[in-house]
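There are structures below to look over.
Same chain, two partners: chain A is paired with chain B first, then with chain C.
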Partner chain A sequence: MTEKIVEVENLKLNIGRKKILDNTSLELQKGESVVIAGRNGSGKTTFLKCLANVIFPDQGSIKFSEEVPPEKIGYISDQLSLFENYTVKKGIDFHASVFHIEDFDYTLIKELKLDLNQKIKNLSAGERTLFHLSLILAQEPEILLIDEIIHVIDPYLREKFLEAVIDLMDRCQATVVMVNHTFSEIEKIPERVLVMEKGQFILDEKSETLGEKLKKVVSEAEISDEVPRIFQRELSYFREYFVYPFNEELRKKFPYDYKNTRLNEIIKAFVGGQYVKKGNQ
Partner chain B sequence: MFLSDLDFSSPVPIYRQVIYLIKLEILSGRLRDGDQLPTIRELAKILKLNPNTVAKAYYTLENERFIESKRGSGNWVNYKKAKLDSLRRGMVEDEFRSFLETALSIGATIEDIKNLLKRYSDNDRKNR
Partner chain C sequence: MLKKEINDVLKQIVFFTAAVLLLPAFLIITTIISDQSYFSVFFPMFQFGLIFWAFFMGSSLFSLEHGQRGMEYLLSLPYSRLQLIGFKIVPRIIAVMIFFVAFWILYNAGGEDLAALSFISFTFTYFSLFLISLSLSASSQNFLVLFVSSLFSLIIYFELLSVVIFLVTRMKRIPYYRLNYRYFFTGELDPYLTGFILLAAIVLLLPLLVSFILSFKKFDIRPAKVYNKRYLKFFTPIFIFCFIISAFFASQGIHIGYKQYYLTLDLKLIESHPYSGIKIYEHNKVHKIKGDFDFSWPSLVDNEYVYQIAHNKTTRSYNKIIRLNTSDYTVEVLYKGLSERSIGWRLQKYDQTIAFVERKRKKDFHDIQLVLVDEASKEVTRIPLEYKLLEKSYFPISIWTNKTEGKRFWLISTEKNWKNQILRIWEDGRIEDIGESQKAPCYVNRMLISYTEEDVIISMEKEGRFEAIRKIPNSQGFKFGTGYWRANLNDLTFKEIFGWRRGPTHPIYAKLNLENFEIEEIGETKGHLHYFSPDEYYFIEIDHVASEVKVYEYKERKQNLLKTFSFNTTEKRNRFRPCIGGIVFREGKKVRAYAFPDLKEIKFKKL
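This part shows the complex of A and B:
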């Protein structure tokens, strides 16, 4: 049984004359985990901030289901500043009193070997992120929004971070939305992959079927226009085509060498290549 | 236990790959009849997977009668010996088929493969 947890309809947001979100719509189900990819400036972070109620769109609506009061939405980003002049201990106590948390879970803080008397402004970027995560986890969020932070954390802390997120997913059936630039570590977690371009979602696929529906063709010569593609790029010696949607019929009709591809590669091609609009397919 | 060889780019869904991994553990004897499996949450953390993926794999393994889940106490390896033999035959044949495809695609003949097989079985006999 799926149960809708949030419905986002036709968000529009301009900064100056630039359209950041352009009729962006999305539905998320309870317990779903989603990754949003896309090049810098495509609107991912803005979209996430709208979900987190940090900024408000010019137009459109975001409706959460009744079981998601604002304090059950957790938002983690590396740009946040949190009680900078407090010590770690004071930050935790303050947070716990505001959100009525009785027994704060110190597991992550202990694993980090954080000095409780250290000032928060003196923490490293990775420590600060994990500190922030442990504050958010204490609220047992229904929705966890993670904004491009995995790359600022070292591999050890990254593992701890992912384990904590997986734990939350299983324990609370939390919905997780990640915005990412690096994928090798997290690619097996999301059940759904979204790609954003110019404030719109241009790809929305289940991870399970993404491998079957998106293939790569590397070729010296141009391939037939009839092969549908989502993006392509030209390198010095060859061209890369990301064929989508792919099916076995296509292989019979156009017998190119269709290769399986990884999420990381898809994103690299997407950032460095050219998005082929649906109208051309 | 559980070397992480899951491949996201493979057309085989991840939960199928988890099933394969656990069957390998069973066949190789690292997981024995009656052993307890990690909980869904634990295995998800070890392999950095979505817990739903692990749940789906366990559920399928239970339907195929390789494991038994007891409410509240976890998942346990539980199989009949005959089942293991047919699993082994199936997996060996799958591996052989993919080996054969690679060998034939780089120009080997069935005769080459027969010779290879003979050489290896002779060596094997000598070593015993």
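This part shows the complex of A and C:
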């Protein structure tokens, strides 16, 4: 049984004349892990900042369930925003006092061998990310919002980061919303994939069903125009077609070699498709 | 969170304190500034430093977060925007108050003489700048932009307050200058009016603060222009509303002016209501005279005629002479000079001619002329006076008149407490230099009374020239005179005139007997002398502590108490007014008149 934890309704947000969010709506369930993808400027980060209370939408509403008081929302921004003149220790103390954290868990800090007297601004991007995560995890958040930061950290720290997130999901049944471009490292995390374009979600699928609904056809010749696709590209000796939505009826009518594809490629296809659309407009 | 803010502000306090304490010490030690005490260098720096401190405390609300890229983190903390403002404002208000109290203590401990701004001006600027910069603190991340916009807004704010005051005075048809609004900043304005101007000023600040709070409720990390647009959306209607409220408060304080009263010799009471005409009360009658007249402070009274030097409302120069006839209740403009010229305070009259001195208002009050106006024909004769001693700065100029060998002359002299040149001007325009006097001279019983450093010199005319006939030692420095606002002094013969000098607590008076030329010291008197006639002398003592005014008559070498008036002497609405005919006393809305010599109350039924 699912439990609704956030309900976002008809968010609208403009910066100048540019629409950033355009009637964006979404519901998030307790414990689910969601990845939001989309091309640059599609509104992903803004949407996440709205959830984190860092940006107020011009219109629309964001309702959190009673289980989610403000101190149970964890947010790691793409800027890794912290009071960077603070030392690690002072940063921890401040965060603990604001979020009423009695026993701060230093495990991650120790694993990273961070000097507590070091200023936050002197930490490397990876250290700072993990430090920020350790602050957020100490809140035991009901919702964890992570903006595009995974790509800035090295593989070792990335693994540590993801382990910690997965552990949180297991331990606290936390809802995790990540904004990401690259899926190769996090393919196992998302249960739900959202693709955003022009401030609206153009794809909202469970990961498991997404693989069923999107297939890839690799062919030297062109395939029928009647086969629905979100993206196609011409490579040196062959063409790639990303067929969506796919069903068995389609296979019977157009018996091409429909292949399963990985999440990373699926997202790339959706994003690529939007670039092509934009080019054609 | 509050702890963090308190720590941040404490650090800023320490830094600021160190700067204002050490900078003067550095300047003195390095002899960049020499021969000055530490305090005399410190205090002016401290005062200007505090102006910057007020700005800094207001505008630095988010500067630390901006500076360390922590704004997004701050906004993601589990606090509402209003809570965030609260955490940030409280320690800053305390810090601003702490330094204000420090300033106040130092100001009273000798800083007053060193202060570049008066206490009221500083206080007003300090708190206004703090609140203005606070309300603009979220409008930009750039400190310089905030500094310039805060200062600019402060200037606009002061100007707006002037505009409100100006509009109210226009609506009430009161000349703006009569309000003396500038005295608001020196604390010399009527407390009642000051209170309402202060209210008007606070209301004018509200649009900035309310717009800040309302727009900050949805403050986020979007570009500042988004916030500023929202701010302006709130600001515009609130500003219009508050401007009206501010004008309302100002209008409550700014009134058309208090009615002024003057009791004439024939015991008629003139009520001057500035800019709305006059009324003349008699026992059971009242006469209204419409017009823009004010006879609240007559320059000359001659039988039924009361003369007033009136001002030009546009140019503010006192360039008109108006005359009220209390018998037929008419007012006439006898003379109207050029607007750039001003009439001196003393008028002299003989037969039908009014004489006075007129000069340019600006540039050292130069271009002095003796002006003679014939009351019947209104013909004007001007005699230029090119004597340097009368120029350079403004001093009242005394004027007397008489005839010798059938020829009319006028004596004029400045009323300085040091060198005064005495001139005699003849009808044909000839000017004769009579000499100098170390105190303001006077002319009485055809005698010119002038002064050297040590003596009183009595001169009389002999063969067309003034010659000293007596030299009376005056080591105590008494200054003798006959008083003003009466015409035809020459028709009166004085047996004696009074002189005075400053005493330790009260003035010390003396009499100069004009028959045997002896000075008789009266000693320390209660109050100041109010001249009336050659035989009657009244002393008026104002005691602000006891809230009373006592009137004494001087008779047989004694001061006898005639009447005590008890009222709040510092309240400007109350007015105690000695006039030629007696005393007019107003307390609140009640007006009473008491006639000389016994100060018996005169009842006016319609008053």
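One rule holds in what follows: the second predicted complex is superposed on the first by the 254 of 281 C-alpha atoms of A that agree within 3 Å, B and C clash if a C-alpha of one lies under 4 Å from a C-alpha of the other, contacts with A are read in each partner's own complex, and residues count from 1 in each chain.
Methods note: contacts are C-beta pairs under 8 Å (C-beta built on N, C-alpha and C of every residue); 3 or more make two chains touch, one makes a residue touch a chain.
What you see is a predicted model; the values in this text were computed from it and never measured.
K.L.:
Quick one: on chain A, after the overlay, do chain B and chain C clash, or do they fit? Just give me the call.
P.N.:
With chain A aligned, chain B clears chain C, so fit.
K.L.:
Is A:3 in contact with chain B, with chain C, with both, or with neither (first, second, both, neither)?
P.N.:
A:3: touches no partner chain.
K.L.:
Please indicate which partner A:257 is in contact with in the superposed arrangement: first for chain B, second for chain C, both, or neither.
P.N.:
Neither partner.
K.L.:
State whether A:105 touches chain B only (first), chain C only (second), both chains, or neither.
P.N.:
Neither: A:105 stays clear of chain B and chain C.
K.L.:
Taking the superposition as given, does A:56 touch the first partner, chain B, the second, chain C, both, or neither?
P.N.:
second
K.L.:
Touch test for A:15: chain B only (first), chain C only (second), both, or neither?
P.N.:
second
K.L.:
Using centres of C-alpha atoms, tell me the angle at chain A that chain B and chain C span after the overlay, to the nearest 10°.
P.N.:
Approximately 160 degrees at the chain A centre.
K.L.:
Once the shared chain is lined up, is A:154 touching chain B (first), chain C (second), both, or neither of them?
P.N.:
neither
K.L.:
Which of the two partners, first being chain B and second being chain C, lies in contact with A:212: first, second, both, or neither?
P.N.:
first
K.L.:
Check whether A:67 is in contact with chain B, with chain C, with both or with neither, and answer first, second, both or neither.
P.N.:
neither
K.L.:
Once both structures are aligned on chain A, how many angstrom separate the closest C-alpha atoms of chain B and chain C?
P.N.:
Here the least C-alpha separation of chain B and chain C stands at 27 Å.
K.L.:
Based on the A-chain superposition described above, do chain B and chain C contact any of the same residues on chain A, and if so which?
P.N.:
Common interface on chain A, chain B vs chain C: nothing in common.
K.L.:
Where on chain A is chain C touching in the complex?
P.N.:
On the chain A side, the touching residues are 15-16, 49, 52-56, 69-71, 73, 75, 77, 79, 81-86, 94, 97-99, 121.
K.L.:
Quick one: in the complex, what on chain C touches chain A?
P.N.:
Of all residues in chain C, those touching chain A are 1, 3-4, 64-65, 67-79, 218-223, 225-226.
K.L.:
Sort out for me which residues of chain A touch chain B in the complex.
P.N.:
31, 33, 159, 162-163, 166-167, 169-171, 185-191, 207-208, 211-212, 260-263
K.L.:
For chain B, which residues count as touching chain A in their complex?
P.N.:
For chain B paired with chain A, touching residues are 6, 8-11, 13-14, 40-41, 44-45, 47-53.
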